[in-house]
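Down below are the structures I want you to see.
Look at the two complexes coming up: chain A is in both, with chain B in one and chain C in the other.
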Partner chain A sequence: MAKVHDLIQELYDAGYHPAQTIRRSMQRTQKPAVGLFPLFLPEELVYAAGFLPVGLWGGVSGFSHADKYLQSFCCSIMRANMELAMLGSYDVLRAILIPSQCDTLKCMCENMKVALPHVPILGVTIPHNRTLSGAHEQLLSEFSYLSDALKALQDPSATPISLQKAIAIYEKYRATMMDFIQTVPDYLQTINAKTRHYLIKAAYYMDKEEYTETLSALLSELKKQPKEDFHGTRMVATGIMIDSESVLDLLVELEIAIVDDLLCQESLQFRTKTRESGSPASKLAYRFLDLQAASVLYEPKKPRGTLLADMAISHGADAVLFCLTKFCDPEAFDQPLVQKDLSERGVTMLSIEIDQHVDSVEQLRTRIQGFLETKL
Partner chain B sequence: MGSEKTPVTSRELMNQMLKRHYEEAYQAKESGKLVCWSTSIAPQELLTTMDIVTLYPENHAAALGARKDSPTFIEHTESMGYSSDLCSYARVNLAYTELGHSKAENMPLPDLLLCTSNICHTVIKWYENLSKELNIPLIMFDTPFNHTDEVQEHNAKYMKAQIYHAIEQLEEITGKSFDFDRLQEVMKISNETSEWWKKATDMAIHTPSPLNGFDLFNYMAIIVFARGTQEGRALFQLWHDELAEKVKLGQGPWNDREERYRILWDGIACWPYLNHNYKTLKNLGMNVVTSTYPKSWTVTYETGDIEGMAKAYSMNVYPNRNLNYDVENMVSLARKFQLDGIVFHSNRSCKLMDFRQYELQRRIYEECGVPSVIFDGDQTDPRLFSEAQYETRMQALAEMMEESKRKKGRD
Partner chain C sequence: MFLGIDIGSSSSKAVLLDEEKNILAAEVYPLGTGTRGVQEVLQLAFAATKRSPDSVLYTVATGYGRMNYKGADKQITEISCHAKGMRFLQPDVRTIIDIGGQDTKVIRLDESGGIENFVMNDKCAAGTGRFLEVMARVLDCHISDLSALAGKGQNPVPISNMCTVFAESEVISHLSNNVSLENVASGAVLSIAKRVSGMAKRLGAVPRVMMTGGGSLNHSLVAAISEQLELAIDVPANPQVIGALGAAVFAHTLYQKQS
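Right, the complex of A and B next:
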């Protein structure tokens, strides 16, 4: 068990201290880092071009600079990213990729070009009308434009690899992550909500091969341990993210475990498998076209609620935890319909607001306690 | 209708068209015709060609806001589980869909939906919910955000493919073949209407402006729904001619006051407070001579060129363009309309416009020295606007503009 704890601690620390982990990963790999904004980006292209892709998902709670560009009703993830950019935290990056997957991201792309003039900002367009063949063609061209832009930023000493190889590395990572997600419900004492989150998050700051290797070692040690009893509340989380330390601490304190998720920052990054046939670029394109159940996607059939109900039922979960990022329009449009779908299937939903800017959880504590007492 | 008097002024014609717009939609629905709800700057050419009656929820929500009936719907949407942080047009419309009646203005429920993402990502989610709740088809026209200065070729091809797909969807929904000859005619009229809309709104370049800028908001309702019609074209031609006559006679925007300052209004109007906003500006001698809006409905392209049309829907709509475009566009408006100042509406409903305003404001001042103010408000949620803050900001702008005029006079 000591080995399990050591490996957990290693990954937990890596996820908990992004700046430190990024610096270490850059040293180890000797690669310049490229930042990736939320939500979904072709990370394999960045990896293949010989860069270390790192995720930029906010992380500060006080804003003193970001107000130069953004009103207070902008989501805290983007305000935090602007704050970090203006504080110089992103100066180490060779470039930043920003997808235009919501209105705030479109504006962020434009503002970052001004706020961070010394770091190239690459806007990335992911089509919404994803079932059309035209969307596939659009993505192939977009990837080609992006690859050229990344190539232009390479050092002479860069060590690019083929896209095919990068996809293989990421497929292994995705398979390991899914194994982890499926294993966690058997070890909910060892891997509580907070640990689960930081272990997954560590992948954003480490080299994917190194991360996959460490996580595989952890899984293999963990599976040697007897399955654990858990008498707390089991929930399936959904939303953009659950990345708020005070909320995670509260979940642990109230013995709420996350048994599965449809979170953009977590399993939605690795849940969609790469198709088996086609050119590497086409396979990568289909991974975007096949994505499901994220609020920023255009999905006229809105499958998110049904999928969550299926997940909650198959895990024997007590409820779905809807993590509504404050001021996130796509999420706020989804929430009532998800609730309706869940209720039709007899699944209870608890909605909480995620705001990296707010540290106090006293009101939330009362609400969750009330929920646990009355709804379950 | 037969008893209505023949309109002689563009205002009379506008009022008649507005009245008939919803009445005729109800008649059409009753007679079995399809009714579509569409976003405000969408390829209506396709729907007009298919003879589908098209209504615009943004127009309807604005009308409810202006006639003080939005709170009923806003409150109801919140009881439906929607956050009060969402776009208030969407909230009003989603509640209207469920309640089905307004004391201010009514429109029939749709049989299909057309959504174009050029104005925001919000409409994608809004229309997705409508489609699911009403169980009706949704035609999506996705216009990728232009983070580059021009529309990228691969995005133009993607948009063209979507237009052809939309045509196939329409053929399936209506059971009729799409008439490409008729499309040519509709494209021609739509282009001409857009041109007359531009010519009319451009009359405000004259000093004093013959156009009282808040009229722009009123006529905007018509360009939204009548761009593909001969009547729409006739209206804007008539409006243009009336304004040209006023210029000839040296008439300004008001009979009882002189135009002291010429300003640009950025963003959607605060519909519940339109009268208050207008009077506050007028009392200070401030006339809205232009806005970032007129160009958005100047959707022009070569008749018959489907890719050109698709591209026009992406590039003419300023929220779909990058910051460089926003700055160049506003600087050119500042010069063309000889602006003294700019009013930015930080509209809680519209993040896509809001989150570029601070930088835009700085760049405009750097490039052409035009002062500006930002006020907080909302297009239809009256709870998000303060009359006192608005008045103070406008007084501050008047002082800045006066100072600027004094300096120019000294130079």
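Right, the complex of A and C next:
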């Protein structure tokens, strides 16, 4: 068990201290880092071009600069990213990629060019209506532009690899992550909600091969241990993210474990498999087109509620935890639809607001504790 | 004796019950969590019973400051406690609207008194007692006089901002445009009534509706919410202590179970 705890600690620290982890990863790989904004981007293209892709999911507390470009009703991830950019934290990056998946992201792409003129900002236009045949073509065209732009930023000593190889590395990472997701429910004492989150988050700051290797070693050791009893509350989380330390601490304190998720920052990044046929770029395009159950994606049939109900029932979960990122319109629009679908299947839903910068969680504590007292 | 203590954001409440669930004391002190309010209200309660604190067999704490009260055997949310306390007094209650200093909650009960569902405001102070406090300050009246002032308003001025900070600016703007204090007060009360009734409609309020918490001391507010909901709303004799009463009832039950 000591080895399990050591490996957990290693990954937990990597996820908990992003700046430190990125510096170490750059040193180990000798690759320049490229930042990737939420929510979904073709990370394999960046990896293939010989860069270290790192996730930029906010995290700073307190804003003194970001308001120059963003209103206070923008989500905390974007405000934090702007603040970090203006504080110089992103100066180490060779470039920053920003997708067009919501209105704030579209504005961010332009604002960042002004706020951070010394770091190239590469906007990536993701087709919103993914049901049109042109969506595939547009993605191929975007990937081509992105590959060229990344190539122009390479050092002479860069060591690019083929996109096919990068996809293979990421497929292995995705399979390992799904193994982790499926293994966690058997070890909910060892991997509580907070540990689960930071272990997954570590992947944003480490080289994918190194991360996959470490996580595989952890899974191998963990599976040697007897399965654990858990007498707390099991929930399936959904939303953009659950990345608020005070909220995670509260979940642990109230003995709420996350048994599965449809969170953009977590399993939605690796849940969709790459198709087996087609060119590497086409495979990558279809990974976007095949993505499901994120509020920012156009989905005429809105499968999110049904998928969540299936997951909650198959895991024997007590409830679905809807993590509504503060000021996120796409999430707010999805919420009643998800609630209706869950209700029809007899699955209870607890909705909480996620703000990365919550200092006081007392009202949230009342809401969650009240839910546990009355609903379960 | 069984103690229920409700440590709110702006007041502390204590209720003591005897073994037969008779109310021995029900006290309110206008200071909340993190202040001497807890000691003061306990002193008042024990003084009223003329019994020693040592005779308390079980204590349940509720309210915003419940986690910090070291003397509690158990902490239970004010959602469960208001439901328990109100049901204890009025078994036919089906919807409870609790407007506290920092939280507003609407709780729907089933016929057997179980909680079917609840909604509460988020971190924002809109629709809470804090909103009323801020409005009273801007209107230069004591919060206890706000109800009477609002009752005199013939043409409530609309307060469109739900954010308390922005609403304060809006009220100042109305006052500087010579809108009467009464009409501004009436508008402020109507604004909070709309927000709270919106929450109640979302939950599906069913009669009998009762209001608890400090907000229910504002009769103009109760009337405005009733009008918005198109449902009669009753207020118990001492609405601020309902959470503490529920906590004391829980304390009684939990002690019986334990022993």
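Everything below uses one rule, namely that the second predicted complex is superposed on the first by the 376 of 376 C-alpha atoms of A that agree within 3 Å, B and C clash if a C-alpha of one lies under 4 Å from a C-alpha of the other, contacts with A are read in each partner's own complex, and residues count from 1 in each chain.
We adopt the following convention: contacts are C-beta pairs under 8 Å (C-beta built on N, C-alpha and C of every residue); 3 or more make two chains touch, one makes a residue touch a chain.
Small disclaimer: the values here were computed from a predicted structure and weren't measured.
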For this session: Quick one: classify A:T374 as touching chain B (first), chain C (second), both or neither.
Result: second
Exercise. So which one touches more of the residues on chain A, chain B or chain C?
Worked result: B
Exercise. Touching A:D229 in the superposition: chain B (first), chain C (second), both, neither?
Worked result: neither
For this session: State whether A:E276 touches chain B only (first), chain C only (second), both chains, or neither.
Result: neither
For this session: Report for A:T366: first if it touches chain B alone, second if chain C alone, otherwise both or neither.
Result: second
For this session: Take the contacts of chain A with chain B and those with chain C, and give the residues found in both.
Result: none
For this session: Flag every residue of chain A that touches chain B in the complex, lowest number first.
Result: 68-71, 73-74, 98, 100-104, 106-111, 113-114, 123, 125, 127-129, 132-135, 137-138, 141-142, 145, 295-296, 298-302, 324, 326-327, 329-330, 332-337, 339
Exercise. For chain C, which residues are in contact with chain A within the complex?
Worked result: 64, 67, 76-80, 102-103, 114-115, 117-118, 120, 122-123
Problem set entry | Footprint of chain A on chain B - complex, ascending | 80-83, 85-87, 90, 117, 120-122, 124-126, 128-129, 131-133, 138, 140-142, 144-145, 147-148, 152-155, 157-158, 160-162, 165, 322-323, 346, 348, 351-352, 354-356, 358-359
For this session: Please give the residue numbers of chain A that touch chain C in the complex, ascending.
Result: 353, 358, 360, 362-363, 365-367, 369-370, 373-374
